[in-house]
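Right, I'll just put the structure down here and ask away after.
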């Protein structure tokens, strides 16, 4: 007979749900408001979204309860916290890009903001759980919202991008479930900590099963993290989406993916699955190198940034392979610093977004567009230059410190060869970032019209740009406090 | 014995059905076969004592999903044969065969372990499957369940939005620009 | 006086930022003023500098990333002092000689930033800080070459940038590994050079680290066979770029060798001494011959720079006070001389818009003063005694003689070949009758150019006659470093080697 | 006395520097006078110092520190002792004469002022060379005279051949300088100092091999400056410079610096007689070798230049055999008569509008009597006829060779003496006597200005009487220098003197006899020997084809083929390869969804295959 | 007796069929069918494993997978409709604006 259910509300730790609850509530309220009051401007929704995000961020920061909540489905540990912070801050910054100078289809619709908040909620759930079901649902919620948002840009390319992303996402979902199934078959559990326990008890036998599960998980997460050869969607999707969303995509889905990968793969590597370590080693190198090599030959800045984000992801994935606390802290540090540089770069693209293809039949932001920018629009050129240098890992700008810390982590754990490859890759990467610099600073302008570079510029964008420049430039003093916070959180969760 | 016969029958049928889905040139056949395959799969669920899931499978897939597909198909006017221009067939075949072989090899490995204790036992004396499912769903999996609701909401909003009239206008186009040209 | 080094580093930066406010017409005056003030500060530093003190002076320390041991740590000793002064001096001179009108504002501000990075490289005592300035120095240079250069400027600029950048990323790995070892040994994170100098490393570690650091420096110097970016960079760069590149940027490489390779990895240094010396000698002879074959005046000087850098390297790897002191002095003198030569070529280029020697001939007739100054610089470059060029060359070769006399003999052919290509250049361009009518009405050197050249000529002679005020502080610091090397080296035979090369008559 | 030292040293440079300011201005006669005065002051100071040193006192000063690093410490130190004071006097004396002479000679030159600036600078360098108290100081002067020689040979820089010769001289000297530098390094690393006094005091303690090497290296340096075989070609080419330059630099002073070095480092060379013998042999060889080239040459200045070369050979024989004071003595006397010869030649050149071919002259005696007399005196002195200066110094050298038992050397020198006499008078005869060829060619010779002639008289006087100071010179210099012990019988010495004088006189007689009658027939120009000699043994050609051309083409090869095609291409190729890989890898990005999905599946398959088949060892 | 392995192999075969469909199909609508097959194949596996462990998690997972599948179809069809409206095609090869 079934016993009556008695649930201790305190043990549920409801507060741990607060951040996600706020975002979901925000999304719902936006829909409701949209139903109630028509003709609201995009600025209203944007600001409202930001407010909800800030509230959620407050809830994350203010959280000091137990790790586990709701029958262990929710795991609010350190990396969940830190990644949520990154997700929320990035979201808040990027959603403000909606307030560009021109009107765009998607930003005029309240649903966009609702979907945006739903997506954040999805990612939040995804990072704060070690239950494969929960992760899956969170992932899908976020992805579905994201597909729609891409398509809402309402250009043929946006649709194409959305469909490509969606289809491949569906396949990746298949991989994910397959992996979960094999893990379940092996351990009878769908919770990572439980899986770890059982696998250790079984001595990782049959290894082929463990590896197969890992393989499918690699496929699923590799898709999210745009790991070679699961990366093929990245450039197309970035190109098709609006610059604002593309920039967002280069940060948030990946950090969520990294967290899941950390939870799962590091468990395996720590338990001595050398196979995974080797495979990841190769994958990391391939991803870095491929991203860099193909980025070299791109003609469009946005596509170039897409490939470069593949390379950056590969670089950061090395942290998972290394697996030390330092490396994991480095991962988050890198990603935060990368976020600011990327925010700036994509914002700049967004601000220079012109209604027509003036330069190339296909591309919105071909390199040619920027040639001689220093003469036409010097401030913009210098700002863009700073972001390029930052992305290239030029000291003293932001990403350099991330690179430094990650490479140091590699060296400290004895992965010297890896560090060398990372270094060589950064050298290679410099070329394509430099290409834009060369166009902007060294070539002659194609047009004397300054407005060409500011057709979507607005005060908000300027503020964001200013903020990004500021953070990127002074990151040397930010590293210390950031590291302290990150290391604190990462150590808390035992990574 | 019944189990064996049922398993093999259903297996053959599902494989057949899904084979048609993948190989048929006619979209209508493919869709019908998919619906059939889904129903046969629910047969496995019943066989395995997951009545609730079996019902859900029939309702959701054969009901909702297939209806959606049918509407879609009518919209796209693909009831007739579709021409598919398949490139690099050799690669396709190699990949197909390899994937089948490898996945089957892995699945036939002894994944199962007898000494694992169920955390959420499905068989409690005197309690039906549906009841058990309800119990677990509203305790342990309450949050995923709620999130699934959110996900469905997202899907709903997306679906409505994407096919709505609003996606046919273009704000940028309406803006008064002096230059003319293709909107990107 | 406590924060004079920070002042030296950041003054150009701040001045550069404010430079945006200055209007176009007066930007050149602004640039010169700033550079002059900067130079004055460095002179004040020299005056305040205690020449008898071998260690670092005016040290400033502020932690930046405590958990990782990165700090703002600057200081100056005899080795770096004069390179700093050279940087500020050459920047000033280059700015005085500058006559580019196009986008002068951007150019001058870039030069000021460049000045900051150069000074920063020489003053940093924290390796990360060093690396930061080291890398960042590429950026203004990229802009200067790429925006104001000649036809193939972009190719040259990118080549310069990528080549040097690629070299230094491996150094970064080396730096991190070194930091790791320090951490592993002491339990504390530190990237401070004085701290690192106390670390005794096992041989195999030394080898790897030596390699990582050496590659970066070798490319920067540039050593054969990593030198091909330099002729392009020089060939395409505007005069001001070439001047600073040749005078200061190349010295970063050799400075790095003195600052890092020798004191940190003494055993590896001795182990790799002969191979490096062979490369250096090949570099001396090979590039001297290539210089001889050039048709373009600027390329001759570019290749001659490489050749001279070979002698500097040889001096450094002599591991004795004579050689190292000499090579540091040679860095300074080569900075002055090659900078001056590039300026002179720039002047002639301004007049004729060509640098091909075949276009010239008989310039001494139309431009006698110019020819005289050119001649003085040329003789200094050839290393005539009583010019600044001789002292360093003499000491470097003398130092290396103790290590290996046959190799010194080969390296010494550099001074013969140097005379060959330099005199040929001079003869082809300045001597003979005027064959090309375009050369006939050329104006002799004007006031602005003279103002830029006179300080250089004066220094060439003064330092040639009285190098002591510079040699003494260098020598003090170098001797201390050699003692350190000797203490630190792991193998007893290396200890003996250091003693041997530093003593008269084989260690008696 | 230090004041005089500084005056002697710095007076020329003061003149030079001040004059340099006027370098680009039109001719100012006062410039010439000013510098000449300063040089004369320097000469007077040198004389005062000579007087002072004669009282067996040495002036040694240290002006300031120059280079100090490590254990090395090199000051600007100057020493006036018996050897350097002789050199100082010789140098300043000849310089004074040349300066005054040049006022007349360079009268019409547009770069009159520049000339005096260079010339004074040269004197200063030479003074540093001889006065320095250490090897590096000597090296400063060494290079300084090289520089000034470069500037003065190439003085008429518009002439291609002049600037070429200047460069040749500089580069040849550089080659030798490298040897010298090596010598300095070797000394330093074995003794720890480069001061003469310390080095000479300690040199005996060194291993003989080391000393040998030091000796060889220093001699290589000397070979360049003194144009010894095989570095001799520059000297003849250096005649492109103005004639006073040839007189001062390429006859009297600079080229003898090599001899001075050997004499100065006598303490080293006495330890290594083998090297000394080699030096002597080379000297004897050059004495004959150069004289033979002088026999047939038709260029007025080149003949004298070869003669200089030959005489330098004589000096090296003396120095090599340890007779340092004799080498020095010959150096001094040679300076007098050879510069006289050159300056006279300068007069002839002026008279002949810079024509140098002696076959085109002839019979100039009537037009320029004083010059002819002066040149004849110099030639007689050169030939070594009693009682002129050349006789005393040259005979002593032959005596040394004989005394040393090097009869072969003696014989070579003996032949050389005969040849010297012959070519000297061949020149005199062809220029001043015989048929007046120049009339036919339309030349209109005239004598130089009187003050020019007067300026030459001191030299002529010294060329005549200097020989008689032999004894006092000997006593004076051997206070410092190693004495040379003659073991020869007086009678044999006398026989030798007679033999030498005889060969010299017969050489003169032959020349006079032959050229009175219009010289040799044209036929000898067909002879192989003649061709060999007129082409300078084909050595310049060898250098040009064997060294310069291959060097140039090899340089070009290195630049175009190695540097551009290999070293640089490799770098570009690496970059290109990476870029090309990018272009190839880009194809993977076909944009076709189907292939994208296939890539994903393929990735999974590969990983699965690895999962099954790849089992890394833990 | 039918063991877990039977079910798993069945699941594997169906999954492979799904993969073949995903790779082969050029009609986007039919390609979406294949993704459904993938998820269904996994569902069988989950339920079977749950059954043999006597554990409900498998059924739970399968339940959520069904939900996800349904949502995906909604969004996917929406996108496809959008595309069809624009281009009049559901052919995968019509997605060819972006490459390289």
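Order of writing sets the chain letters: A, B, C, D and E. Residues in each chain are counted from 1.
One rule holds for everything that comes next: a contact is a pair of C-beta atoms (placed from the backbone, for glycine too) under 8 Å apart; a residue touches a chain by one contact, two chains touch by 3 or more.
These numbers come from a predicted model, not from an experiment.
Touch-path distance (fewest steps) from subunit B to subunit C is 2.
Chains that count as touching both subunit A and subunit E, per the definition above, are B, D. Chains touching both subunit B and subunit D: A, E.
When every pair of chains is scored by its C-beta contact pairs, the maximum goes to B-E. Note: the chain lying farthest from subunit D is B, by mean C-alpha position.
The innermost chain, defined by the distance from its C-alpha mean to the mean of all protein C-alpha atoms, is C.
If you average the Cα atoms of subunit A and of subunit D, the two centres end up 78 Å apart.
Centre to centre, using the average C-alpha position, subunit C and subunit D are separated by 36 Å. One simple way to say how far apart two chains are is to compare their mean CA positions; for subunit B and subunit E this gives 5 Å. Here the spacing of subunit D and subunit E, counted between their Cα centres, is 96 Å.
Subunit A has residues 133, 137, 140, 144, 147-148, 151, 157, 163-164, 167, 171, 185, 188-189, 208, 212, 235-236, 428 in contact with two or more other chains.
The set of subunit C residues that touch two or more partner chains comprises 162.
Looking at subunit B, residues 92, 95, 99, 103, 106, 110-112, 116, 118-119, 140-141, 144, 148, 151, 154-155, 158, 161-162, 167 sit in touch with two or more other chains. Under the contact rule defined at the top, the touching pairs of chains are A-B, A-C, A-D, A-E, B-D, B-E, C-D, D-E. Across the complex, subunit A meets subunit B through its residues 1-2, 5, 7, 17, 24, 31, 70-71, 73-74, 102-105, 108-109, 111, 114-115, 118, 121-122, 125, 131, 133-134, 137-138, 140-141, 144-145, 147-148, 151-152, 154-155, 157, 182, 185-189, 194, 198, 202, 206, 208-209, 212, 355-357, 364.
For subunit C in complex with subunit D, the residues that touch the partner chain are 159, 162-163, 224-225, 227-229, 286, 289-290, 292-294, 320-322, 325-326, 329, 362, 364-365, 368-369, 372, 379, 384-386, 390-391, 394-395, 397-399, 401-402, 405, 408-409, 412-413, 415-416, 419-420, 423-424, 427, 430-433, 465-468, 471-472, 474-475, 478-479, 502-505.
Of all residues in subunit E, only 19, 22-23, 25-26, 92-93, 95-100 touch subunit D in the complex they form. Listed in rising order, the residues of subunit A touching subunit E in the complex are 132-133, 136-137, 140, 144, 147-148, 151, 156-157, 159-164, 166-167, 170-171, 173-174, 177-178, 180-181, 184-185, 188-190, 235-236, 239-240, 298, 303, 362. Those residues of subunit D that touch subunit B in the shared complex are 592, 594-595, 598, 601-602, 604-605, 608-609, 611-612.
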